[in-house]
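Note that the chains take the letters A, B, C, D, E, F, G and H in the order they are written out, and that residue 1 is the start of every chain.
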Amino acid sequence: MSDRYEIRFSGSGGQGMILAGIIMAEAAAIYGDKNAVQSQSYGPESRGGASKAEVIISDGPIDYPKATAIDCMLAMTQEACTKYHGDIKSGGILLVDSEEVKTIPQGAFKVLSFPIIGTAREALGKTIVANIISLGMIAELTGVVTNEAVEKAVLSRVPPAFLDLNKKALQIGFESARKLK
Amino acid sequence: MTESAAKKLPRIVVNEKLCKGCSICVDFCPTDVLEMKGSIAAVKNLEACTRCQLCDLRCPDFAIQVFD
Amino acid sequence: MSTPVAEKKEKLSVPFDYNKYLRPNKLPHIWCPGCGHGIVLKAMLRAIDKAGLDKNNIALVSGIGCSSRTPGYVDFNTLHTLHGRALPFATGIKLAKPEMKVIVVTGDGDALAIGGNHFIHACRRNIDITVLVFTNATYGMTGGQYSPTTPLESIATTSRYGNIEPPFDTCEMAKASGATFVARGTAYHTIELEKTIHEAITHKGTSVVDIIDACPTYFGRANKFKSATQMMEEIEKDGTVNVKQAASLPPEKLAGKMLRGVLHKVERPEYCEKYETLIMEKANAKK
Amino acid sequence: MAEKKKKLLQGNEACVEGALYAGCRFYAGYPITPSTEIMEGMSVRLPKLGGKFIQMEDEIGGIAAALGGSLAGLKSMTATSGPGFSLKQECIGYACLTEIPLVIVDVMRGGPSTGYPTGPSQSDIMQAKWGTHGDHPVIALTPSTVPEILTETIRAFNLAEQFRTPVMVLYDEILGHMREPVTIPNPGEFAVEDRAKPEVKPEDYYPYDDKFLIAPLAPFGSGYRFHVTGLNHKQDGFPTNDSKVIRENNLRIMRKVDINRETIWKNEEVMLDDAEVVIFTVGSTARSARFAVNELRKVGVKAGLLRPLTIWPFPDRAVAEISSRVKAIIVPELNLGQMTLEVERVAKGRCAVEGLYRVDGEPITPSQIFHEVRKYL
Amino acid sequence: MSTPVAEKKEKLSVPFDYNKYLRPNKLPHIWCPGCGHGIVLKAMLRAIDKAGLDKNNIALVSGIGCSSRTPGYVDFNTLHTLHGRALPFATGIKLAKPEMKVIVVTGDGDALAIGGNHFIHACRRNIDITVLVFTNATYGMTGGQYSPTTPLESIATTSRYGNIEPPFDTCEMAKASGATFVARGTAYHTIELEKTIHEAITHKGTSVVDIIDACPTYFGRANKFKSATQMMEEIEKDGTVNVKQAASLPPEKLAGKMLRGVLHKVERPEYCEKYETLIMEKANAKK
Amino acid sequence: MAEKKKKLLQGNEACVEGALYAGCRFYAGYPITPSTEIMEGMSVRLPKLGGKFIQMEDEIGGIAAALGGSLAGLKSMTATSGPGFSLKQECIGYACLTEIPLVIVDVMRGGPSTGYPTGPSQSDIMQAKWGTHGDHPVIALTPSTVPEILTETIRAFNLAEQFRTPVMVLYDEILGHMREPVTIPNPGEFAVEDRAKPEVKPEDYYPYDDKFLIAPLAPFGSGYRFHVTGLNHKQDGFPTNDSKVIRENNLRIMRKVDINRETIWKNEEVMLDDAEVVIFTVGSTARSARFAVNELRKVGVKAGLLRPLTIWPFPDRAVAEISSRVKAIIVPELNLGQMTLEVERVAKGRCAVEGLYRVDGEPITPSQIFHEVRKYL
Amino acid sequence: MSDRYEIRFSGSGGQGMILAGIIMAEAAAIYGDKNAVQSQSYGPESRGGASKAEVIISDGPIDYPKATAIDCMLAMTQEACTKYHGDIKSGGILLVDSEEVKTIPQGAFKVLSFPIIGTAREALGKTIVANIISLGMIAELTGVVTNEAVEKAVLSRVPPAFLDLNKKALQIGFESARKLK
Amino acid sequence: MTESAAKKLPRIVVNEKLCKGCSICVDFCPTDVLEMKGSIAAVKNLEACTRCQLCDLRCPDFAIQVFD
């Protein structure tokens, strides 16, 4: 299991967690030289409620596509944090939105807290790019893919009109994480 | 129909292998040309035939034809 | 055209040669003595002949039922599908090969009971398919249960005390769901029927012809008709009136009668054409 | 070049790629979770290739229209999930008896009934074989990775065309929705089979010509006018009640798959040579199994994996062979034991057969399998 | 009633107490922000209240879809069936227990796509069931494919190049198939809707109310609506006109607008009553 | 007295008698050969008993309406044949998961597809078990005489009501249409079971109360207002995605049949004690088998017959027991080997298992069985 | 097999062969003291073409419901005769309508020929009761059920208005057979 | 509404647990009483409220009520 790197993005439906997961996987597998598998789970309604996306990154083949021992998890809401933090491995990282997640779970992992949505609103005027900021942070924190690969992946997924906005969001993510480290 | 045709009698052919004896042709012939013989349609009064083709048109079984 | 005189106007000097369209050695067909389905089949063949269609280019599709046995007898591309499913099969053929003429022959049960949903959706799409509904007010093939067109209070093997379900007006249904050509004919008015079917198959879009015909074996016997002839006279001749004549008739003469003839005809873009022009163009422009 | 075509695709998207690669040009269906992305993908992609897409009024209409499209000569597909798969069963039997090629994709979700629409399951395996009335031939493929969904969908089309029969592709919701890097194959990279076309003149053509095991199928509208019916029929396509003809035809449609099963079967074998316990499983569960096998080997347990990519016809020979030389076959499945019954049947008591079932909407994890195998050693 | 003024006439002095009919602790419901289904549910509850029905005596039956989740929230005898099948289940309940009030809540896909056949046959039988069709022009539950009521050229996940299938007119369909009460309402005209539903549930026979409401999540987003509000204004308010007002409007003001209000209402014997009076009597007389 | 009630009845007529005796008061269906006489009989008889009959627009409508009738408190039935049985499958899964009692009669005809509508077959045996998606409990009864159709239909209603689950009665066209003398039982002669009614107050009622293996079912309109859904649900009937609850419920509906299988099983055993070759078969084929057994015994062959009247749950115990003490089990069936697979599975190689199949629209004759058995001795 | 008595009624759909079979079985099992099983087979259309009804009569239980070795067969049409005579056992009886069946099959059975339909037409004016005449003949020829039982069975199946007609037809059958014997 | 009621202000209750922030109530209030506060509806101008109940009637989420 050792060469698997496991990331979980969690939040509520509509926060773009699945897109963040997809971009992370593309950064690794299409723009990087790794293998990656991305999966998610919905509630029975396929909308609303807590949602999560998982990315497994590895140098070799990836069999089991779901998280087993999470290296790094993002939680954008309290509900998601409470529901999904259980699989973080000892020594792993939990990144939470500091405004949303007030009750920090206890565990043998490192907790980083940052006002991700707030930053999106204040620095960019759009909470919609909070997921891209968080993506930048995760990339920077984990180092499992290069920042260049992530940027390429983001830009290939974003409509031309929003290139700039997303580029900025990503940079903010990289920088914010650097400060947190 | 030409005038001279009045003399030439039509030829009415009942295919006995196909006729199922429903008597529709008999019942609807406007000039009472046909009759049922047992369970097969037959001609009883050829002179009266106007060649209107109604017997053929309404026969469900492709069993009767009227030639000029 | 409720009088024989009117029918006679269409006098033919030579009998029509059905063998041009019949498969060899398939007759006698399976239908009972006096069954109207054979009369309808013949009208359809004459209409196809009049339209000058190429046999290779016709797909005749049916479901399951006595009426749905029609395709077996004729020399086209013929498809006898599942009960109620003729229309979606036909839709697939038409969309895959829009150059083909697709005709569906179906019973009132096949089209309107189990197949009712496909019927209304084919009409809605206005896909270029002609639907000939053989309306004998019963499920002939299974032995005479009531159907969605069985008149109120009629006797059937599942309505021994009289049918309490009001019948559909197939033409109203077709029109409300979007068919662009809707007509009614009867087996009795066989020349009129031939013309109506001809008009239906030359129309572009979904065309529906509701064809009243007789099941002497089940509907007839259960409801005390003495013969196919009596059914044709009472149900088909006296029970209907041509829509053009109806215009000049007093209401009391129309009471309880079904209208015959072309009841609805409009031009609207056809489904396969729209597929070609709208979808194909946009899809390939976007590339 | 090749790198340019590497994409991160969902399983359902890979299915679309595979279908188009195989030459599919007709799709008809009705949306249902978790298969809907296939239909959505086809609606966008087919028109660009001159193909036809139609959303029908229900699942029955979907498969019926697809069969019409196939009969008109286009390679056709429909996709669905559990409840829709049940509805399509009557038409599946029709396709088998009339021998119309078709690919049916079933992305399996939690059941029974509406069940758990967004949860994975593998509980349509038996339905795929027995869902319609009457005996009929069944070919069903079970990919277990996203790239494999692409290639097995191509194989499904090839088999459908070669054997003139509906072919099913079964995978679970996890595979349908997960994403993996996939390299889109270049033209020519994989063989693409087309149904045999008649070589005789129209007047000599029989749609079920008994000179052939699998007669050529002329498309409607090509000048070969013939009759197709779901009644028992003769070689000319017309109904019969001659019991000899009925029997022969019913046996032939089974035989065409049966005698070719060696070429239809496809198994992946992982460390079977010295295995003492073998895991038999398919789809996403096979991924957990492979993970578990690797871990088990690390701790010295001689575990192996037998993974059929063709679940129907059932891989009797492979299972029989294995059963005579291992202690146990473990069959993990996201259902209450469907493949297990078949493995039991074939193993004939020669080794222990143990099912490992899960029906709570969650995947079977590698560690569940790990622990189950250890019980036998 | 396309003006807020008209709505205000119905001013209430105290808020309606929905809790009388809601099951405890089931809210928030699963519907998206701005989804019209919640507005329709509320109008239905007020109508039921006005009709003074006994909760024990109401069966609320649905199929599958976002709209079909309605029964889960209300304190009646509730049945969430299979996609498209609400009506035959409801028919079974009604025929077995004619004293119950049976209401079907269904989506446009549920009622008119997969369930279309049951829809027309329930109407034909004139069985005493009220059918509320939540018409949001999409399959919300499966993520926004086009439905049988999606307008031409609209964008959906299966019509990225624009929808080429003409929509049904649900009310025309219901009428043509035999429903004896047919009406249309919108979520926007919520007080009018309440009245219409009240009239529907107090009618004896099959009553159908086609209710235009919004799916901001799928139909809205794909077709560039900015908000639920915009959809309600453009589709529900400006896109419809009350049938009574329509009478006095010039044709150009009616073009492209759907009619609201009671569009068809006739009295005809109801199915279960006929079963009692005709079948039961004859069966037992014959004995 | 008794003699007065002896009648010569068709199998399908006996089915009507059995249903009415068992208290069936609701029928909804759609006609299809060779089951139609059941529907026709119900349409005439039910109104005389105050019951309700409705001919629906299709088979799906038929079973759905019957489920509605059952939920409203009437014992309900629908009947069909092959193609209609396929169409009803989605609703069968719904009935299983929502636990609504229902009797479904399937009079089996030749398949696949439209096949041979007036020909006998036994090829829906596997469809009965696996036709719908997802794992679900199945009870299916297989009478083999006309009087038995009457009594097994009564038993089907009793089991459906006791176990809150759909129960199937499967017989072939021969039995459906043949006539035998039947004595109509007097009231009280056979037990008639009704579903349990709740004993708690409405506010304490759970339709799937987990205090019970099989919770009482209140009829709609009786003051117990509750929710029914085909989604995975909790004991209160509302949907859930709690995996523990889903698993428990999915297992419970299987368990209620599984742990009661001893009382559901019913076998007839003919000369099994010293048998060396045993015939395992059902329905009309069992009549040929019994004939053959008698003839075989006359010529000194130790043949026996194991005839299950309950084919699902499969009579594992009886087959296992027999398999360990006979040379061979012969399985004649009017299909291409469906029960044979199950017998093979259970026999685990302990004895030879040989199928004897016929799919040409003709019955398996006693002499066919006679000769097949002789091969083994 | 020895205590089975097997009778086959054959003709074309609509000739009432199945009704004849039913009445025969009722005569044996309801109005007599025997056991009886009646079965039939249809073509796939359930109408038209050759049709047959079989009755097995026995003192004990009857397992196989179809004919195996026919004691007595009736053929009302040539098609039915040709198609179905094969199972008549050696020493059995074949009764044919002499006007319809011109080609008499060869075999180790006794052939009796009588204008059954013609008699119905001439003696009673209704060909529809030919099946009842034939039933009377078979009863008389075989003696497997009493004439009284057959009469009771016929009368119980026939609408009141036709009692007389059918009674007469049956008597004609009995008498005609007596003469043939 | 009585005349004296003009003085008594209505009580508008937004259930924050239920409000999904669709802003329908805000957009359709004829007298502009309401506003969105983040993703929750809120009262900004109670005096203007006419108790017309439209906000409640059109709220899809049972989230707003206006008491006399």
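Basically, a residue touches a chain if its C-beta (ideal position, glycine included) is under 8 Å from a C-beta of that chain, and two chains touch if they have at least 3 such contacts.
Everything numeric in this text was worked out from a predicted model, so none of it was measured.
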| item | value |
| --- | --- |
| Contact distance in steps, from chain B to chain H | 3 |
| Comparison of F-G and E-H by number of C-beta pairs in contact, larger one | E-H |
| Distance between the centres, which are taken as Cα means, of chain B and chain A, whole angstrom | 87 |
| Intercentroid distance (Cα basis), chain D paired with chain C, Å | 39 |
| CA centroid of chain B to CA centroid of chain C, Å | 27 |
| Centroid distance [mean C-alpha coordinates] between chain D and chain B, Å | 60 |
| Multi-partner residues of chain G (each touching 2 or more other chains) | 43-46 |
| Residue numbers of chain D (touch at least two other chains) | 33, 44, 47, 53, 57-58, 83, 90, 94, 113-114, 116-117, 119, 229-232, 239, 241 |
| Residues of chain D defined as touching chain F within the complex | 82-83, 85-87, 89-90, 93-94, 96-98, 108, 110-117, 119, 121, 123-124, 126-127, 129-136, 229-232, 241, 243-244, 246-247, 250-251, 254, 335-338, 341, 344-345, 347-350, 358-362 |
| Residue numbers on chain D that touch chain E, as the complex places them | 30-33, 36, 39-40, 43-44, 47, 53, 55, 57-59, 83, 113-114 |
| Chain C-facing residues of chain D, complex | 26, 28, 44, 47-48, 50, 52-54, 56-58, 60-62, 64-74, 76, 90-91, 94, 219-223, 225-231, 238-239 |
| Chain D-facing residues of chain C, complex | 23, 26, 55-57, 59, 61, 64, 71-72, 75-82, 85, 87-97, 99-100, 117-118, 121, 275, 279-280, 282-284, 287 |
| Residues of chain G that touch chain F when the two form their complex | 1, 22, 25-26, 29-30, 35-46, 62-66, 68 |
